[in-house]
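Next come two complexes, and both contain chain A; in the first it sits with chain B, in the second with chain C.
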Partner chain A sequence: MPEVFIDNERYEFEGDHMALQFILDQGMEVPFFCYHPSMSIPANCRQCMVKAGQYIKDDETGEYELDENGERKIRWFPKMQTSCALKLQDGMVIQTQETSEEAERAQKDTLELLLINHPLDCPICDQAGECPLQIQTYKYGPEGSRFEVKKVHKPKRVELGPRVTLDAERCINCTRCVRFTEEISETNQLTIVSRGDKNYPMTAPNQEFDDPYSMNTVDICPVGALTSTDFRFKARVWEMNQTPSIDITNGKGCNIDLWTRDNQVLRITPRQNKAVNDYWMPDEGRSAYELFNENRASRPSIKLDGSNQSNTSWNNAIETFAETIEAHSGDDVLVIGSPHASVEENYALNKFFNLLGASNARFTPHIIDGYGDGFLITDDQAPNTNGCRLLNLNETDHKDLATAISKAKVCIILSDNLVGRKVVAASDLGNTYTISFATNMTETAKASDLVIPITCVAEHAASYVNIDGRIQRSFPAKETKYTNRRLNLEMSEGRLDRYGTNFDNWVSEEHKVDCLPLWDFLNKLAERLGLDYHVNHSRTILAEISSAIPSFENVTFEKMDEQQGIQLNLDNQKIKQK
Partner chain B sequence: MAEQELHFTDEELNEIEKIKAKFPTAKAATLRVLWVAQKKYGHVEPEVQALVAKTLDLPESHVHGVASFYTQYYKEEMGKFVLDVCTCLSCQLCGGYDVLHQIEDRLGIKAGETTDDGLFSVQEVECLGACGYAPMVQITNGVYANNLTEEKVDKLLENLKNGKMPEFESMVMRQNEKRIKAATE
Partner chain C sequence: MVEDWKSYEPLLIPDIPNLHKIDVYEDNGGYEAFRTVLGDQDKWSRKNVTEEVKAANIRGRGGAGFNCGLKWSFMPEPDDRPRYLACNGDESEPGTFKDRNIFEFNPHLFIEGALIAAYAMSIDTIYVYVRGEYIDWVNKFEEAVEEAYEKGYIGNNILDSDFSVDLHTTYGAGAYICGEETGMLESLEGKRGYPRVKPPFPAQKGLWGNPTTINNIETLANVPLVINNGAEWYQSIGVEGHTGPVLYGISGHVNKPGVYEYPAGMPVMDLINDVAGGIRGGKKLKALIPGGASTPILRADQLEGVSMDSNSLREAGSMMGTAGMVVMDEDTDMVDLLWRITHFFHHESCGQCTPCRDGTGWLEKVMVKIKNGNGEIKDLDLLLDMTTMMEGRTICALADAAAWPVRHTITRFRDEFEARCKKSVHAVA
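Right, the complex of A and B next:
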């Protein structure tokens, strides 16, 4: 097998590899900026220099030539090589900054050059704390600069488009953003203008950077040149807490991270998953954080007279709910599951009311034909349509659902804004007693007689099946009134979470929503109704699903975590549904 | 200038087709086609860049990037004669700034400006590779006027006003003059 020698260690390799990626794959490091594993390699930042050469082989004998000490002779390449663009060859010798002073020096000098006109305004820069330029300058850069002349000034605070703001002085012209629009989103909206020390990325004149994926350039910009207009100056990255989750704004289920501070989600960024979204996500998915913070259903509410809703206690909500159920037979109760809710919630809800004699829950997909783009934006506006299908909920179109509602005496809706998305009109709900399990105070929740606030994807661990049949799960990122990150071992703790107490001004109760996971509420309701139903956790529900429904066989949170989601067999399901 | 007014004539489009045929991709023809456009309009303002992009079926951003990279493409309307006065080292030592100030004085404009009659633009440029015949001026990306003196500059302006471009001169380095003279005699 071909071999390479990196920092005096021997490695075997097969196929084509670039030195930088190979080195990174071995868990070692070489600093770099312009290289991105999912884009072309322009080798323009010059940061990834290594010293490289080749052991000399005798063409005839095939033996390595040895020097007088019996060591293999090396023919060094005449100049430092950019490792990102250096293809591994059999017998190649590479010395990184770890073993070669020359490589170390080359990297240091490159950084000094990159920083000549850089404003060094880290204290007011959003990228600080997650900035490759900052990190690598600390690790590999010079102590100071020998360039003490006036810096070149470039445009600042340029609104490239509705969502991205450029500070051209911070740009190192790595062209990652330009390549992104050329190779990934294919809108070709960006280019580098001007030249020499005056260049920076820009759109064509009179054009906007309104690419539906524009904010990915903010993520991949290795400096603070491109910043999110929305998130700018909101928080320092080290104050926030990062929790893995799933994008719930469409059917793709992009893997994301939720960034929270004091239980507010402040931004959403993509998390790499080769099988789903690679490193990217649509801009739309990033504004979902508003759904998690604002207009939440907090504390149950009930319609007392006419159309006025008012908050009520959990006890009263449970009592009212139970009385309503007791006053009606199972046939009169219509249960509507939701492609916007998780697998566990849909299952738990359906099972609970089946036990009470209601028929199988219905759901209606939320599809906008032609909305998708074949990449990460889908026609499907909900994260779990396939989940509902695999759970064998009764897929119902708009018309049939409206008819079913008109016949029902009690209608139970699981977080789905049926009114807002025009499946039914608010007036359609008028003749039946409507109970909404709601995350947000949508039109549907407002039109309901009883609103039970439940946790959203940012507050619970639950799974969602995307349009391709991949089941993936969320983690609780935000505390509710009834959870505590120090006690809940599933929740991560940011620096401020760890060191904050109720007496610190950065800690407040306000951002904790007064809601319960659906299953917790159902436990309480079961207790009141004397129903034999109890689950501890969404994990228990999933275990039950996986043993009850063949499509979910062997699906566990652990396996999803290990494999970044599990591909389910959708075909299986289609046959069954017919 | 409204975009719909701009278009290439059939003749120009023919020329562009010929240019494209010389390159493997349309993208590679960007530079040459920008020249065709600049020859026609005297500049490559954003609308002209857009026309080039449309004609070559390329992203506008790309054409814009290329046009902005090269100073020879005029990104705004310029005078009929663009005087590039070299003030880089050799020219500076030999009186480049005197030439610049003289021109500014005579035309009543500053470097970077265009006269009201649209005849002249003046700009300061870096070395144009004619250091041996400093100080010098380049006229509209073309002919060089070399070894300038006060009289020569006045004469040059006079001629240009009358529409007379200086001839292209083949230059010989001063230090070589004697040797060449001896050799040819």
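Right, the complex of A and C next:
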């Protein structure tokens, strides 16, 4: 097998490899800026310099030639090589900054040069704390600078488009953003303008950078040149918690991270998953963070007189719920599951009401034909349509569902804004006693007789099946009134969570929503009704689903975590993919 | 060193009136080489043409001095992909203005050379990329191309053979970097002139990803001479290791600046004193930049016995480059000169690679400081250190081209630079 020698260690390799990626794959490090594994290699930042050469092989014997000391002879390449564009060859010798002073010097020089025209405004820069330029300067850069003349000045605070702001002085011209619009989103909206040290990325004259994926350029920008207009100046990276989750705004289920501070989600960034979204996500999914913070259903609401809702206690809500159920037979109750809710919620709700004699829950997919783009934006507007199908909920079209609602005496709706998406009119819900399990105060929740606030994807661990049949799960990122970050092992703890006190600016109770996970509420309701039903956690529900429904066989949270989601077989269930 | 240059008769641009007209060119033996090749394709198979040119060792006239025929032999075997010849007429290095004369006075010699090259490499499309500032010469050249099309030298089934080729002329928009061979390819494709990372080399992946050879205009103009007279004859012109006629572009403080054709290996002092009429105003020679602004400057005392060929110039501590000689008299201010050179490279850096983008700007800013009398001795050492930070660390050679003049001008004229700097306030041990 071909072999290479990196920092005096021998490695075997097969196929085509570039040195930088190979070194990174081995768990070692070489600093770099312009290289991105999913895009072409421009080799323009010149940061990943290594010293490279080749052991000389005897053509006849195929053995390495030795010098008088018995050491292998090396033919060094005449110049320092950028490892990102250096293709591995049998017998290649590579010395990184760890073993070669020349490589170390070259990397240090490049950093000094990168910084001479960089504004060094880290204290007011959003990127600080997660800035490759900052990190690598600390690790590999020079102690100071010898630059004592004037820096180049370039445009600042340029709104490239509705979501991205440019500070051209911070730009190090790595062209990642330009290559992103060329190669990934294929809108070609950005290019480099001007020449030499005056250049920076820009749109065509009078054009907006309104690429539906524009904010990915903010993520891949290795400095603070491109920043999110929305997130700018909101929070420091080190003040936030980063929690893995799933994008719930469409059917693709992009893997994401929720960034929270004081139990508010402040931004959403994509999390790499080669099988789903690679490193990217659509801009739409990023604005979803507002759903987790604002207009939340907090404390149960009840309609007492006419159409006015008012908050009520949990006890009263449970009592009212129970009395309503007791006053009606199972046949009068219509249960509507939701492609917007998780697998566990849909299953628990359906099972609970089956026990009470209601027929199988219905659901109606939320699909807008022609909305998708074949990449990460889908026609399907919900994260779990296939999950509902695999749970064998009764798939119903809009018309039939409206008819069923008009016939039912009690209608139970799981977080689905049926009014907002015009499946039914708010007035249609007036003829039936409507109970909504709601995360947000949507038109549907507002038109309901009883609103039970439940946790959203940012507050519970639950799984979702995307349009390709991949089941993936969320982690709780925000605390509710009834959860505690320190006691919940699934929740991440940031610096402020560990060391913050009530005297800190960013530690408060005010952003904790008064809601319960659906299954917890059903436990309380079962207790009141005297029903033999109890689940501890979404994990228990998934275990039950996994043993009850063949499609979910062997599906566990742990396995999903290990494999970044599990591909389910959609064919068994005769599910058409949309 | 060439001794008998006075008897030399120009070959590339002979003194024939109206030679740029195709009839005159034909009457003087023009397109004979191309006819010979196409007429006897057994003797002049594609391989034999390449071998002959390789044996003649035409050193590329664009600056790198690479064997032209050897470059041709790097082209892969023809497959179903298109193949291109990209002719580089973007000459924009300060001090270089030789290809202009070919476009003006003998365009058909170059066209003939390009056609033979296209034949030898089975190329079906030729692009001629001319410097944008040369718009008058672009127009002149396009007339010549039209004539060649009319006479059937370019087009389909040329001279009733099975060889067909097209020639397109295009021009740049004023960027030095588009004269870098892969920057030129990008520009030809209609993109920003960012030089490409090599490998892959243009012969493997050139224009639009297809096999491409890039030759200088003057280099290709030598090809018909080789075909007509043979590699051995070509080798007899000039000096060992560097043969053939060379267009010397002499500028600066001489009495008769201009483009002069003589064999490679001309004695430098003869070129300055005899050919170019000596230093203006009877002044003394101070320094010479032998081959365009990026080649290391030589002091007058370094020029003794030096000839204009790659070996002799390398021994003297410089390079042949494009043979665009910039002559400077005793009144020349070396600090101003170096500032102007750093200004040029700062202005022309494409901005792709960090060391060049930021380094060229830094060089110029420090030079401005020194020029204005605000420099310190430590700035000279900083400049020298910066040349190390830039050289050999970029995709193309522009950073090298910017670094060399700084390094060599400072080391070779250090006294002058120190005299312009402020006295150090620190005690010197």
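Keep this in mind: the second predicted complex is superposed on the first by the 570 of 578 C-alpha atoms of A that agree within 3 Å, B and C clash if a C-alpha of one lies under 4 Å from a C-alpha of the other, contacts with A are read in each partner's own complex, and residues count from 1 in each chain.
Basically, a residue touches a chain if its C-beta (ideal position, glycine included) is under 8 Å from a C-beta of that chain, and two chains touch if they have at least 3 such contacts.
Model, not experiment: these values are computed from the prediction.
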Practice task
Report clash or fit for the pair chain B and chain C bound to chain A in the combined superposed model.
Solution key: clash
Practice task
Based on the superposed arrangement, let me know which partner A:Ala128 touches: chain B (first), chain C (second), both, or neither?
Solution key: neither
Problem - First, second, both or neither for A:Met560, with chain B first and chain C second - result: neither
Practice task
Using the superposition on chain A described above, determine whether A:Thr203 touches chain B (first), chain C (second), both, or neither.
Solution key: first
Problem - Partner chain in contact with A:Lys150 - chain B first, chain C second, else both or neither - result: second
Handout entry: Which of chain B and chain C A:Ile367 touches, first, second, both or neither
Key = neither
Practice task
Going by the touch definition up top, name the partner, chain B or chain C, that contacts more of chain A.
Solution key: C
Practice task
Quick one: classify A:Ile41 as touching chain B (first), chain C (second), both or neither.
Solution key: second
Exercise for the section: In the overlay, answer first, second, both or neither for which of chain B and chain C A:Arg195 touches. Expected result: both
Completion exercise
chain A residues contacting chain B in one complex and chain C in the other 191-192, 194-195
Exercise for the section: Show which residues of chain A lie in contact with chain C when the two form their complex. Expected result: 41-47, 49, 78-80, 82, 85, 87, 106, 109-110, 112-114, 116-117, 146-147, 149-150, 152, 172-173, 175, 191-192, 194-199
Problem - Residue ranges of chain B touching chain A (in the complex, touch as defined) - result: 46, 49-50, 53, 59-65, 68-69
Handout entry: Parts of chain A lying in touch with chain B, wherever the complex brings them together
Key = 181, 188-195, 202-207
Completion exercise
The chain C residues in contact with chain A across the complex are 175, 192, 194, 197, 199, 346-355, 357-362, 365-366, 368-369, 382, 388-389, 392-395
